[in-house]
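Take a look at these structures.
Next come two complexes built around subunit A: one with subunit B, the other with subunit C.
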Partner chain A sequence: MNGIVTLAQKEAKSAFRDHIFLLITGLFVLLSVISVYIGSSTKNAELQAYHDIVQLLKSQGITSLPSPPVIYPLSVLSNLISYVSMIGSVVAIFLGFESFSGERNNGTLKLIATRPIYRDQIVSGKLLGGGMVIGSLLGVILIFNLVLFILVSGMTPNTSEILRLFSFFLIAFVYMMVFYIATMFVSLKTNDSAFGFMLMMIIWLAISFVLPQLADSQRSFAYALSAAAQTVTQVPSDTVVSKMIELFSPAAQFQSIGKDLLQVIPETADINLGGLLLKQIGGLIEIVIPGLAVLLLSYRAAQKEEVI
Partner chain B sequence: MIIEIAKKEIRDAFRNKLFLSILLLLLVLTIVSIILGSFQVKIAMDNYNSSISFLQSLGKAKLPPMPNLNPISASKGFVNYIGMVGALLAIVLGNTAISKEHKNGTMRLILSRGVFRDTFLNGKLLGNLAILAGITILTEIITFVALVAIGGVALTANDVIRLLLFFGMSFLYMTFFTVLSMGIATVSTKGSRALLITVIVWLVLSFVFPQIGDTMDMDNQIPGGFFSSMGMSRDQEHQVLQQFKFYETLRDGVEEMSPTKHYERISYALLNVKPGFETNTPWEVVGLKWINLLGLLAPSIAVWLLTYIAFLRRENIYQSN
Partner chain C sequence: MLITENLGKKYGDFSAVENLNLEVKEGSIFGFLGHNGAGKTTTISILTTLILPTSGRASIGGYDVVKDNLKVRNLIGYLPENVTLYGDLSAVENLRFFGKLSGVKNVDASIDDTLKLLEFNEWKNRKVKTYSKGMRQRIGIAQAILHNPKILFLDEPTSGLDPQGTKELRDILLMLNRERGTTIFMNTHLLSEVTKLCTDIGIISKGKLLLADSIKNIEKEFPEEKSLEEIYFKIEGGAI
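On to the complex of A and B.
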């Protein structure tokens, strides 16, 4: 157990000594923190626009006024969903792509293997180290977001909303760990760090962008006609094909769960947390299962490799 | 000599597994998206033809005119794929062009021969641009064949010019990322580090800036549009937005920093995905969207000039990494 903790501590220390990792991490933390500010400004602008609209309509002698837009507190933080899903997963890739190949190239992996530590403990140590780094990053973002949310938006989240926010960060942690584990596995199997990194970037692109985009192209669109506005708006709805494509994308599942938890979807904004998680149980399993499968493969690869 | 370096560059690219994997992904996506788009055009055509046959069987003489099917919008999905996969492909090409020479020690070897530094860079750029041009032409041919063979539509001369211009923009967009990647790899002393930095810059330009712009878009906050939900007409919407001029300028400014956004804007205008450009000739669209064309060209030229300066002045070039 001591060996695992020592390895984990070393992993965390070396991550925070890497300038490039600090750069991408800084970007992730900065964006996540300012997302509260951008979200609040947009919502405030929206409310201001509503008041302007009411004034404009009143000046035109119109008595039937539109009802004010409903703003759910956590929806101010909705940007976090994209940042975790896009940049967060890249942070995990940056963290893990040299976890084994880097040590192997420097010759330190052999050195570690000569010490009284089992190979599965090396994998566990790396996993724990990665978990510590990702956990602390998300912890910092959570604290900043919560404080800034109260200060900037002037709203105070109730217990249910705080629980939703905590659940979101917990799922974000699992999601980022899945990418870290997958990158660790690729790093175990390849000697070329740059190749492993780009391979993971291709996988990330396919999961986070290509599959959701393909699914989107297969949605059917209903046209909503607004007589007052004289505008036609497209309202997308899922089809069997679009749902099938999304099944292969943990990013799409994460975004769907995130939107529900952060009250982006008005229909699920008032459901209790238990009911919400039960509704999204399929999506949660789809995020966890690939991670567990790759983790098992990593243990197997580390055990079977003759010269680690 | 430039041609020799360019030829070697092309040969090397087709031996690079990573480049070939991304190229394969891009081609598969192009084929899938254009086939799906062409089928949508074909379905619309079939629906129109069956309605006409039905009306004719009823003896109606006054038949509805054919709706504007806008067949070139079948390439809409391609804009997104080039925006992401094309950019990544360009990054891999640009980075490998320089870092492989550093890694193998061949840069010192080449420069110790009668090859000037600018000739070396020009040859590399020419080779990579030839590869990008080849990819663009290949996807162009696939698009034309699929539209005619699957969609069953006859493209007008204007449609053909619009599509050709659109593919030209795709080439310019990928060129920017190749130049950027080559530039960073030239300045950096370590190829792998240069790749990571380029990926971070790409993320900022292609995801972060457009994402911030989208979030700051008031109309984007409610499904179906905020102003539409308020029952506002387009004129009233513009009237209200006048009061948020600074906010809107700031939002637009953030988006203008992204070449991806420039590429998307000019492409959607050329493909008639964005309404308002249907009656313009293709060259008029380019004229109206000159700022987006400049947004694609100017950064490439600026980065390339900086790369020249950095490479020509560099003193530790013979130092091993």
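On to the complex of A and C.
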């Protein structure tokens, strides 16, 4: 256990001294803070506009007033879903792409492997180190966003909303860890860090952009066919094929869960957390299972001689 | 201290090491000589538990390198060829990391002792990436001896060092052997270093051990050859 913790501490220390990693992380934090500020200001403007209209109508003696806009507080943080999905995964890739290949190239992997620890402890140490960095990064973002949200919007989230927010960050952590684990596995299998990074960026592009867009295109196509057959629905909705495509995209699953948790979808904004997670259980499994599978493959790959 | 019996390593049909029988005595400085690709690094990789042999066995301090690999790792120190360590960390941070991994109890005191021994205190808090090759090699030695190993494995330790750095490294190794009684197993192809440093040598070619004995005995065995270099080429030539 000591070996795992020692490795994890070293991983965290090295990450926080890497200027490029710090730059990407800084960008991530900054964008999330800006988005919360803009989101909160927009909601405030919406409320102000409503109050202005009410005042105007009252001054004209009109008693039939429009109902106030329904504002779900967490929807102010909705941009976080895209930022975690896009930038968060890149942060995780950047954190993991040299985890083994870099150590192999500078000779330190041999030094670690000749210490009295098992090979699987090396993988566990890297995993814990990555988890510590990603966890502290998301923790900082959570605190910044929550404080800014309360200060700018003037709203205080209730217990249920705080639980939703924590659940979102927990799932964001799992989502980023899946990318970290996948990148660590690639790093175990290749000596060329640049190749590993490029490969992971291609996978990231496919998961985050290509597959969700394919699913969207398919939905639009199905909608157009329905329209032609005059069995049109109001908006393009999920089809069997679009769901099949999204099955291969943890990013699509994460975005769907994130939208539910952060009250972006009005229909699910009032469901309790347990019910919501149960509804999204399929999506959660589709995020977790690939990560677990690749982690097991990493433990297996670490036992092989060519890793060193 | 170190014994191998018919040790072998095959990669498919290719034999990197074949029927290697070696004995390295405690307190000796053993130079393992051979051309590039002769099987030196494969042998050191088996002995340091990095790879598994495909035949035979090897033991260090009585422990089998396969069955008791964790116990063997407690006895050994290792410096691979061209290791650069963690450039963004200082020497002390690098040593603290490797010391903790080795299970050193009072790691900061051990670091102080080791850096004093290697006369490196002045630069210990600078990032390793700012060091010269010679300084990095010295920190490489420091991480290998921090836990006071019984036997130190070095793979081409003078590779890339200038004459001054080579001399300093040689002095350090002699001092470790003399003051701590550390047994040293060194892969090299530099005969001049072997002559100045080693008490015993082994010569390997194409995975096969051609000769292993003390330098004194070898010189007696080859009275007509004037130097170790001539002996080496005679043996190597015979093998080819």
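A few points about this structure:
In the analysis below, the second predicted complex is superposed on the first by the 265 of 308 C-alpha atoms of A that agree within 3 Å, B and C clash if a C-alpha of one lies under 4 Å from a C-alpha of the other, contacts with A are read in each partner's own complex, and residues count from 1 in each chain.
Throughout what follows, contacts are C-beta pairs under 8 Å (C-beta built on N, C-alpha and C of every residue); 3 or more make two chains touch, one makes a residue touch a chain.
Just so it is clear, the structure is predicted and the values come from calculations on it, not from any experiment.
Between subunit B and subunit C, it is B that contacts the larger number of residues in subunit A. Shared-chain residue A:V178: touches no atom of subunit B or subunit C.
In the superposition on chain A, A:T108 contacts subunit C only, with no contact to subunit B. Once the two complexes are overlaid on the shared chain, A:I24 sits against subunit B while remaining clear of subunit C.
Touch criterion met: A:L214 reaches subunit B, while subunit C stays clear of it.
In the overlay built on the shared chain, the residue A:I202 is in contact with subunit B alone; subunit C does not reach it.
In the superposed model, A:L165 makes contact with neither subunit B nor subunit C. Within the superposed three-chain model, A:K13 lies in touch with subunit C and out of touch with subunit B [touch as defined at top]. Across the two superposed structures, the residue set of subunit A contacted by subunit B and also by subunit C is empty. Across the complex, subunit A meets subunit C through its residues 2-3, 6-7, 10, 13-14, 17-18, 106-108, 110-118, 305, 308. By the touch rule above, subunit A contacts subunit B in their complex via residues 20, 23-24, 27, 31, 35, 38-39, 41-43, 45-46, 48-50, 52-53, 56, 66, 69, 78-79, 82-83, 86-87, 90, 94, 193-195, 197-199, 201-202, 205-206, 209-210, 213-214, 217-218, 224, 226, 228-231, 233, 235. Those residues of subunit B lying in contact with subunit A across their complex are 17-18, 21-22, 25, 29, 32-33, 36, 77, 80-81, 84-85, 88, 92, 99, 191-193, 195-197, 199-200, 203-204, 207-208, 211-212, 215-218, 221-234, 236, 239-240, 243-244, 247. Interface residues of subunit C, counted against subunit A in their complex, comprise 45, 48-52, 70-71, 73-74, 76, 78, 80-89, 93, 97-98, 100-103, 143.
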